[in-house]
Amino acid sequence: MKTIVIGVIGADVHAVGNKIIEYTLTNAGYNVVNIGVLSTQEDFINAAIETDASLILVSSLYGHGEIDCRGMREKCIEAGIGEILLYVGGNIVVGKQDFIQVKQTFMDMGFTRVYPPGTPIDNALKDIREDLGE
Amino acid sequence: MDLRNKRIPEDEFLRIRKEVLNSWVTGNDPQLDLEEAVKYLKSVPEHKNFAIKLNKAKERGLTLIQPRAGVPVLESHIKLLQYLQESGADFLPSTIDSYTRQNRYVEAQKGLEESVSRNRALLNGFPAVNHGVTNCKQVLEAVDVPIEARHGTPDARLLSEIIHAAGWTSNEGGGISYNIPYAKSVPLEVSIKNWQYCDRLVGYYEERGIRINREPFGPLTGTLVPPSISNTVMIIEALLAAEQGVKNITVGYGMGGNLVQDVAAINSLYDQTIEYLNKFGYTGMEISTVFHQWMGGFPQDEAEALALISYSSTVAALSKATKLISKSPHESVGIPTMEANGLGVKASKFIVNMLKDQNMAESYALKEEIAQIKKEVHCLMDVIYKAGDGDWAVGIVSAFRQGLIDVPFAPSKCNAGKILPARDNDGMIRILEFGNLGFTDEIKEFHHKKIEQRAKLENREISFQLTVDDVYSVSKGKLIGRPQV
Amino acid sequence: MDLRNKRIPEDEFLRIRKEVLNSWVTGNDPQLDLEEAVKYLKSVPEHKNFAIKLNKAKERGLTLIQPRAGVPVLESHIKLLQYLQESGADFLPSTIDSYTRQNRYVEAQKGLEESVSRNRALLNGFPAVNHGVTNCKQVLEAVDVPIEARHGTPDARLLSEIIHAAGWTSNEGGGISYNIPYAKSVPLEVSIKNWQYCDRLVGYYEERGIRINREPFGPLTGTLVPPSISNTVMIIEALLAAEQGVKNITVGYGMGGNLVQDVAAINSLYDQTIEYLNKFGYTGMEISTVFHQWMGGFPQDEAEALALISYSSTVAALSKATKLISKSPHESVGIPTMEANGLGVKASKFIVNMLKDQNMAESYALKEEIAQIKKEVHCLMDVIYKAGDGDWAVGIVSAFRQGLIDVPFAPSKCNAGKILPARDNDGMIRILEFGNLGFTDEIKEFHHKKIEQRAKLENREISFQLTVDDVYSVSKGKLIGRPQV
Amino acid sequence: MKTIVIGVIGADVHAVGNKIIEYTLTNAGYNVVNIGVLSTQEDFINAAIETDASLILVSSLYGHGEIDCRGMREKCIEAGIGEILLYVGGNIVVGKQDFIQVKQTFMDMGFTRVYPPGTPIDNALKDIREDLGE
C-alpha cells in the first residue's frame, strides 16, 4: 500500500477539502498521512520521510499558495527526497487568473502536477494511479 | 490560565494595552492615544456609524447589503470599496489578509511590498495592522458608509485597536468563532481572553458615548453547521461581549439552504439572544442579525453562482435579517475582481428590494422548526452553563474540550470533531453522528429519525458518505446530495 | 358569425383544412397529408413528446425549464436550440416572428431572405410557415427534447398544421390569449374559431393515439394582470380545447411578484381548471401548469436581470408548477444572444434543483389568497356562463364586449380596457378601477380596501399614477412603485 | 398647445409603453393623438396632417423597427410634411446591438432623434420641449 502525505500549506485553515481528500484517498486504497491545516513545508517533508511516502499532495485554498510553495522542491532535495512526487491543488493563487500561466509558475517551482480551482480530488485519482504505477 | 466571564478592570485593560501596542511598530502611532481616538471617533458622522445605521435599518425592517472585500495595496483597496459602494453596498468591509490573522506581520509586510512592486495582489486581504491608523483613516474618509474589519483572527487585539482608532465602527469576530474555524492550535482560553480585550475596548468607547458594533462570526466553518450549534456559539459570544460593555451586537448565521430552516434559524437566533441577555441581566442591548449567503463550496458556473447569490438573498430577505453578507460569481475560483464583487452586490440588492414589503407567512412548518432549534439551543446552553459552573467562558471551554459542543469540519484541536451532519429529506441540516454532543436522547432521536428517513428513501446505509455527498451537492447544483439515478 | 363551443365535425374540419393549406405555398407539401403526418408523429420517440415528458415531470413533482428562442435562419436556429439544450433546457421552443403571427408571409419571406443575405437577423423569430415542414422536421431531428411553437398568432391554423406535421408536439396559444394581447382589430369570434380549428387538429391526432400538448398563454399582457383574470381566461381556453378533443393541457400564469399571491395563483389555477373540466364532463384530461418568469419590463443591469430570473425561479419552484419559462439577462434590451439566453436557463435550472425537495409551507396567508382567487374566478366564470347562455365561447365574446372581463393594457379593440390594476401594501396585484368588470360588490370592496391601505401609507390619492408607478417599479428594482422619500 | 402623434409601428403590439407615453405627454401639457399599436407609416402621416401635429413619435419595441421605418421620411415629404419632427424609440432593432451604429442607421433614414432601449419617455421630455421651442 503506497503512502500519500496530505495537508494544507501555510497560514491556510480550509479544513473541509482536506477531510474529504483523506476520506477519498483512503477509500481508494492508499495509506493516507494527513498533517492537516496550517502546515509548513517542513511538516510535509518530515512526514514524507517518516512514512516513506511516494507522494506529497499539497492543498492551498486561501490564495497565498504561490508564496507558501516557493522553494519546496529545493527543501525536498536537501532532505534527500528530491525525487518525490509533488502535487498541488485547490485555489492556489489569489483571484481568477489565467491558469496556463499559473500552472507554469508552479511547474517551474518543481511541482509534478498542478490543478485548477474546482478540481475535486476524485478527478485526480487517475493521475495518482498512473504516477504511482498501478 | 485564569479565564472568567468578568469585565476586565480598566487598569488591567490599560496595562495589557501597552503590551498590545508594542507588538508591532504601527502600534506606537500617537493616534492610538485613547483620548485622540475618542475625539476622532466622535467626529465620524452618523451615517458612517455602523451601529446607528444598523439600528435604523432594523427599525424600518430593511435588509442591508455588505460584501466581503480586501486587497493589499491602499489605493486599490480604496478604489475597490468605492466601486462596491456605487454598486449599492450599504456597509463596507475591509477583509484582512491571512498572515495578519495569524499575527504574522513580517510576512504580511513582505506580501504587501511585493504586491506593490509586482503590481499584483499577493495577499488575500488588506493588512490593516501593517497599514496603521493613518491609512485606515484614509480608507474610511474615502467612502460614505460605515466600515467593518472582517477577518478570522484569534488574537485581534492590535488589529482592533488600529481599526477603531481609525473610525471603523464595527469589528467581526469572537473568541470562539474566530478560533474554532480559523486556527489549529490556539487554545480556546487564549482566544476568548483576547476577544474579551477586543470587547473591552469597545466597552471603553461605549462608556465615552461612542457606538461601536460587534459581530460574532455565525457561519463558523460554513459547512453543514446545524443551526442550534452556531446559534449557541452566537449567544455565548453575545453574553461574553455584553459582559465587557458592548451594547450593539449583530449575531450571525450562515445559510443552510432549506428556506424554512434558515428563516427559523434567524428568528430563533434573534429571540434567544435577547432572551439570554435579559436573563443574565444585560440591559440596554441593541441586537440585530446578519445572514451570510451560502458559505460552502460554490458552483463554478457564474450564472449558477449568481442564482445561488439571488436565492440566498431571497431567504435572507424573508428572514428579515438586518444585514446580508453577499458573495460574488467568482466565489468558487478566487478572490473576486472588483466588477465580479459588484455583480454580487447588485443582484443581492435587487432581491432584497423586491422582497422589502413581503413577509414569510407564518406556517406550521416554520413554527415547528423554530421550536426545534430553540429546544436544542436551550439544551446546549444548559449543558454549557453546568460545565462552567455558571460561568459562560469557563463553560464553553470545557464544553468544547468534552465535545459537548462540537463544530463539523473545524480545524481546531480544541474542537472534538466527532459530529457528522447531513441533510434530511427536506434539505434541512441534521446530525447523523453525535460524538459527545450535549443533546438529550429525545433530540438525538429526532435527528436520527430524520436522517433515517432520508437514507431509506435513497435506499442506502447511514454513513459518512451522506455527509460527503452533502458537502459537494450545492456546488453541483443540488441541495441534497442524493445518489444519481 | 356562428360561434359555438361545439366540436367541429370531421368533414367540416377537413373542408376548412383545404382552404388553410392553400393559404401559402408551403401548405401544399405532401408531408401535410394527414396519414403521412400521423405516421411521422408516431415515429417521434417518447422523450421528444411534450405531453409525455410533462406527465412524467408532474408525477415526480419536478419543475422543468423552457426558454424562449427563435431566429430566422434555419442553421442558426438549430445551433441556438442545441446550445440551449446543452445549457440545461428540458423543453425547447421555436419562437415565431411577428410577421408570421399576423399571417404576413410575404414580409416574413423578405425578412428571412434579407437575414440570410445580410447575415444578420432581421426577423424577431423563426418563420416556421415560410420554412415549411421539411425545415421544421430538421429542427426537431437536431435536438433531443420536445419542441413547442411559441408565438402570438390569432390565426395560427397553417402554422399549427406545419409544426405538428413536423413532429412538434406542443403549441402555445388560444383564441383569447393569442388575440387580446397580440392583436388590435381581430374579432374575438374569429380568433376563437381559428383556435377551435387548431385544437380540433390536436383532437384529430389524439383520436389516432398521438399525444400533443396545448398551452394557453397565461401572462396575457404580462403587465399587472390580476391572477383571477388570467386564470379565468386559462380555464375557458382549457374548456374550449377540451371540447375539440385536446387531452393534454398546460395552463399558464405570469409571475406577479408577490410570493404568496403567485403560489396561490398557480395552486388555484390547477385546482379550478380541473374543477371546471370535471364539472363540464371532460374526462381523461391531463392538466399541468406553467409559470412564466417576470413578464413585465425588466431591469437593464444584467446582474439585476439574473437576480430577477432567479427570484422568478424560486417562486416557480415553490409553486410546484410543472414548467417554467425562462428569460435572459438581455430581456430589457432585445432578443438575447445564444449565450445570454443560456445564462438564463442555467440560473433557472440551478434554482429549481436547489428547491426540488422543498415545499411552500402551508400558511394562513396562502390559504386566504387561494380562497380569494378562487372566489373571484368563480364569480367571473358565473358571469361569463350567463353571458353566453351556457355556451363558453359565446359567453367569453360577450363578456369581453361588455367589459365583464377585461385585461389591463391590452391592445385589442375587443377588450374594454377600463380596469386599472395596482399593487397593495404586500405587493399583491389588486384592482383600483373596475370598469364594468363582473365582480360582486363584496370583491370590489376587498380590492378597494387593499388599494386604499396602500394609498394611505404612501399618503397620496388613488389614481392612475399608482398603476404607472407599478408598471415601472420592477424594472427599477422595487416590487411596489412607492413614491421616493 | 402643440400636437404630438404617437403610435407603435408595424406588426408590433406592445401597448404598455404606448399608454404610458400618452399619459406622460398629456400630463406634460401636449395635445396627444394616439393611433395605437399596429400602425403603418401612412397611419402616422395621415394623423399628423389631420391634426396639424409638430412631432411624430414612433415607438418600435418588437425588433422589426429597421424594416418598418424605412422610407418614412420620404413618405412625409411626399405628403407635404417633409419638415415634421420624427422621433423613434423603444427597442428599435433585433437584439443587443452597438447603439452608435443603430442610431446612424435611423438618422440616415431621416429621423430627428433616435433613442436607445430603456429610455423612458420622461427622459425625452427635455428634447421635446427644446425641439418644440418651449
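By letter and in written order, the chains are A, B, C and D; residue numbering begins at 1 in each of them.
Here is the rule we use: contacts are C-beta pairs under 8 Å (C-beta built on N, C-alpha and C of every residue); 3 or more make two chains touch, one makes a residue touch a chain.
These numbers come from a predicted model, not from an experiment.
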Length of the line joining the C-alpha centres of chain B and chain D, rounded to whole Å: 54
Centre-to-centre distance between chain C and chain B (centres being mean Cα positions), rounded to whole Å: 45
Length of the line joining the C-alpha centres of chain C and chain D, rounded to whole Å: 30
Where chain D touches two or more other chains, by residue: none
Residues of chain C whose C-beta touches two or more other chains: none
Touch-based graph of the chains, sorted into line, ring, star, complete or other: line
All pairs of touching chains, each written as two labels joined by a dash: A-B, B-C, C-D
Of chain A, residues touching chain B in the complex: 10-13, 15-16, 19-20, 23, 36-38, 62-64, 66-67, 91, 93-97, 117-118, 120
List of chain B residues in touch with chain A within their complex: 98-99, 101-102, 104, 107, 110-111, 121-124, 152, 181-185, 221, 223, 296-297, 300, 330, 332-337, 340, 409-411, 464, 468, 471-472, 475
Touch list for chain C against partner chain B, complex: 257-260, 299, 301, 303-304, 306-311, 313-314, 318, 342-344, 346-351, 353-359, 361-366, 425-427, 474, 477-480
